[in-house]
Amino acid sequence: SKFAYVRNFELPDPLLPGTFMILRIDGHAFHRLSEEHNFAKPNDERALQLMDHAARDVMTEFKDIVLAFGESDEYSFLFRKSSTLYNRREAKILTTVTSLFTSSYVFNWSKYLSDTPLKYCPSFDGRIVLYPSTTVVRDYFSWRQADTHINNLYNTLFWALVLKGGQTTTQAHAVLRGTVSSQKHEMLFSRFGINYNELAARFRKGSVLVREEVSTETEGVDGLEATPLPVSEEVSEVVSSGAPRKASKKKVRVRTTIELCHCDIIGDEFWNARPNILAD
Amino acid sequence: SKFAYVRNFELPDPLLPGTFMILRIDGHAFHRLSEEHNFAKPNDERALQLMDHAARDVMTEFKDIVLAFGESDEYSFLFRKSSTLYNRREAKILTTVTSLFTSSYVFNWSKYLSDTPLKYCPSFDGRIVLYPSTTVVRDYFSWRQADTHINNLYNTLFWALVLKGGQTTTQAHAVLRGTVSSQKHEMLFSRFGINYNELAARFRKGSVLVREEVSTETEGVDGLEATPLPVSEEVSEVVSSGAPRKASKKKVRVRTTIELCHCDIIGDEFWNARPNILAD
Amino acid sequence: SKFAYVRNFELPDPLLPGTFMILRIDGHAFHRLSEEHNFAKPNDERALQLMDHAARDVMTEFKDIVLAFGESDEYSFLFRKSSTLYNRREAKILTTVTSLFTSSYVFNWSKYLSDTPLKYCPSFDGRIVLYPSTTVVRDYFSWRQADTHINNLYNTLFWALVLKGGQTTTQAHAVLRGTVSSQKHEMLFSRFGINYNELAARFRKGSVLVREEVSTETEGVDGLEATPLPVSEEVSEVVSSGAPRKASKKKVRVRTTIELCHCDIIGDEFWNARPNILAD
Amino acid sequence: SKFAYVRNFELPDPLLPGTFMILRIDGHAFHRLSEEHNFAKPNDERALQLMDHAARDVMTEFKDIVLAFGESDEYSFLFRKSSTLYNRREAKILTTVTSLFTSSYVFNWSKYLSDTPLKYCPSFDGRIVLYPSTTVVRDYFSWRQADTHINNLYNTLFWALVLKGGQTTTQAHAVLRGTVSSQKHEMLFSRFGINYNELAARFRKGSVLVREEVSTETEGVDGLEATPLPVSEEVSEVVSSGAPRKASKKKVRVRTTIELCHCDIIGDEFWNARPNILAD
């Protein structure tokens, strides 16, 4: 129609190639949401599992996401460097992922919080940040996991003081002010008998979802199809890297699974064992 | 922590001030979603009402949205020109609105499609386009409503040929190829007895959600509170325009409602009756 | 070659259509340049004329510039709203204009400062700012001309105190601190016999370069070519506005000149007399 | 003033940190400029030296530029990865560099083309492209130098056919169409006795300007100042890398020179000998 010229106001928004995209979503006003739905304090395992579920759904849909990290009301998704998802159009990637995460969160709420009906619509913000090197990508995830630790140590002690120690929240804040990490560990143990390091790894380390390739040996044995893996199994298409000097570009089907763990991702071990994550 | 420097890679993304933002969401792969959930063809009133519900929820939350227009699996939201929502940060506005729409769509699905359980997670993409003048804003909405008309006329005849006329979809496409508007009207009437103009306005015109101010006279009468309005009632804060030359900036509470209609928005009448929409 | 893929890192940078572009250049470190080349204080007419010359060269080359305003070491260029210069690519427009201005400044230096050889390379920064409405465009130019006035009044008195009053610069600053406009006028007159309003308009109002259409009557008379205009004459192509609803798009040759004045552009008179500037 | 709000329309434009910036300038309409000023064909050494001079001036001013490559009417400038010049504001960096290059080109014209007065104002466009890794930076420079070779071989033969072979330009184009590199070499030699590889390296390889650190041993000997170097000598401040984990940030003065060569930059040798270029 004669009005179609208004499309010309839509401007291109491609993200720089050859750069890692990290998309982070964060719950909108989850302070209130967690109160209204009586989330356990400081960590509600069911709510965290629901976040993991939504993140897994996102990774199942978007094969270019190779790693995700979640804590509290947030999740970060790392795309492989050479991703050409939606031609790297920023708004398209950003909204589609944020929308799917939200959808899954609402869709699956009742599976995890079965006795707590959802009272109103939860929502999430999202952003994409570009990281040009493997070093900054590693530092990004270290940043988030260090944050998990700091917050959890604080919150665990805070809520112990309030819920078990009978203090007001104002008092608890005052007690905590200025304390360093070792003092918090000490207070947790001496006052409440809590050995911080024995708390659930999920609370201390957050959630790590990593796309793992299923070894082809397993697949090839006796000409049999690999035994179906539980839940997380899937088949993804990994396009060979698209590097400009490669002669052939044939698609290789690789069977991948999405594995959940609550492990350290600050040290080298995790990354050395999974060179693919930062590879291309 | 020493990793916090990674925040420096987050770049500012403010949208040009003094410009209308239109945020359009569109269902991701709703061709499949509508098939899988047996949406009535060509229009499923329940599915469209669900869209309207989600859009209303968005407008209830974001007071700077003054008008919305929906059709098929899409919705467009117009922000008042002087909006400073989230300091006009593009990703923040875009994702929060898209996420809330998605959330409401899933949350309210069962209210509208009660006998059709949602099989999987629906999602939406979103984009913000800036329009610098009232003329292009009007043309934008004319573009969407003209599109509604064109698609609906085509689809109505197409599905009549298939569902009532016993044609294959291939045959129906062939019949329609090259026909102009008047021929489609004629075929609809002569073959199927359908007077196009008597079809539901919702299908022909799409859905218009407009924020209306409740007249203060009504409110002031006898010192009584205004009689509560049904469902759509709400109280919003409208900050006076923020124009640089205004001396005072006191907030004025204005009672507004969000009204749904299926009216023409291409002609002048709608806009002349609501000068506020494009005012500031 | 196999290396050509690096072009993919060049990202598009189109500027929003339907919006006024204002490109402002500003001399880099002209404090030092003016010192090193003994510019007259507070205003060096030759240096300002050189700026005007460079700005005129820019307007002669870029027909979409309809108005320019200069003061001190800066110049602002207004493009007509519908300009499609270089497909509105930001870097291309920005650098080409800034470069040409610089080139002309150096090229023509000796014409204006004939007894002061240029000692080193002057340079300019540049930026493009988008303005969505005629109101903000007017306010932009008011901002610059008000700035001219404020700075000139201050500088005129400051240098009178120093050069004629024998004060140190520190003393002069101290005297001026906290004074309002009327006090400065008063001091200028009482101490130095200077009636501010009788100073050269160039210094008080800055330089306005405006593209004017030469009336076609003049051109048509007796089938004669219009009498050649002095210096500023030129022939430009004005493409009809490109508005989406126009049926025909034939090019119309319009004879235009670029006129220099030092007039008020804050009030309405200037703009009312030249509706074309803000027209399309 | 009350108009100052228009500054709010100036939006931030920071470039992604941790990424190499390459700024390329290219002569505007140098086809015409070279004709009008009788540049020697296919290469005018004086014109190329003038380009080198302007590029050197740019590098002398902007210490964060570590490498530059020039050919024909273009020059590319590589900034060290950690550069924080103008807080990485895109337009500021882009225009200031492009303007200074232009200024120097005009300023120094007569030194190189002394018998050819500049007829009008030359200008350049400029663009900044971000490259996230050392590999793509290397490929970028390989792309430009390979381009130099391809164009020069073509142009050398083309102009030999025209100027020495008496062909029209149309004929020369026809002869060259479809020929591969080896055929061009062969024709150059058999018809014109030109051994391509014996042509000036400047024409075959382009110009490489590299910032080299002057060894501190030289400087320290006997407590003497290093012997002043010719022309290119300078003292620059190299701020230690700004990497987030560095404890101290003291500035170290390093004496650097800018060296010109016409060497291969496609192979590893150049880069291996200068690890600093891509270092931080």
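Points to keep in mind about this one:
Lettered A, B, C and D in written order, each chain numbered from 1.
In this text, contacts are C-beta pairs under 8 Å (C-beta built on N, C-alpha and C of every residue); 3 or more make two chains touch, one makes a residue touch a chain.
Because the structure is predicted, anything quoted here is derived from the model rather than measured.
A centroid comparison over C-alpha atoms places A as the chain most distant from chain C. Chain centres here are Cα averages; for chain B and chain D they lie 52 Å apart. Here the spacing of chain A and chain D, counted between their Cα centres, is 44 Å. Residue positions 3, 5, 9, 11, 16, 18, 130-131, 136, 139, 244 of chain C are each in touch with at least two other chains. Chain-to-chain contact here is organised exhaustively, every possible pair of chains being in touch.
By the touch rule above, chain A contacts chain B in their complex via residues 1, 3-7, 9-10, 25, 28, 57, 91-92, 94-96, 98-107, 118, 120-131, 136, 139-140, 142-143, 146-147, 150.
Contact residues on chain B toward chain D in their complex (touch as defined above): 2-3, 5, 8-9, 11-12, 14, 16-18, 244-245. Residues 16, 18-19, 130-133, 136, 139, 244 of chain D are the ones that touch chain A when the two sit in their complex.
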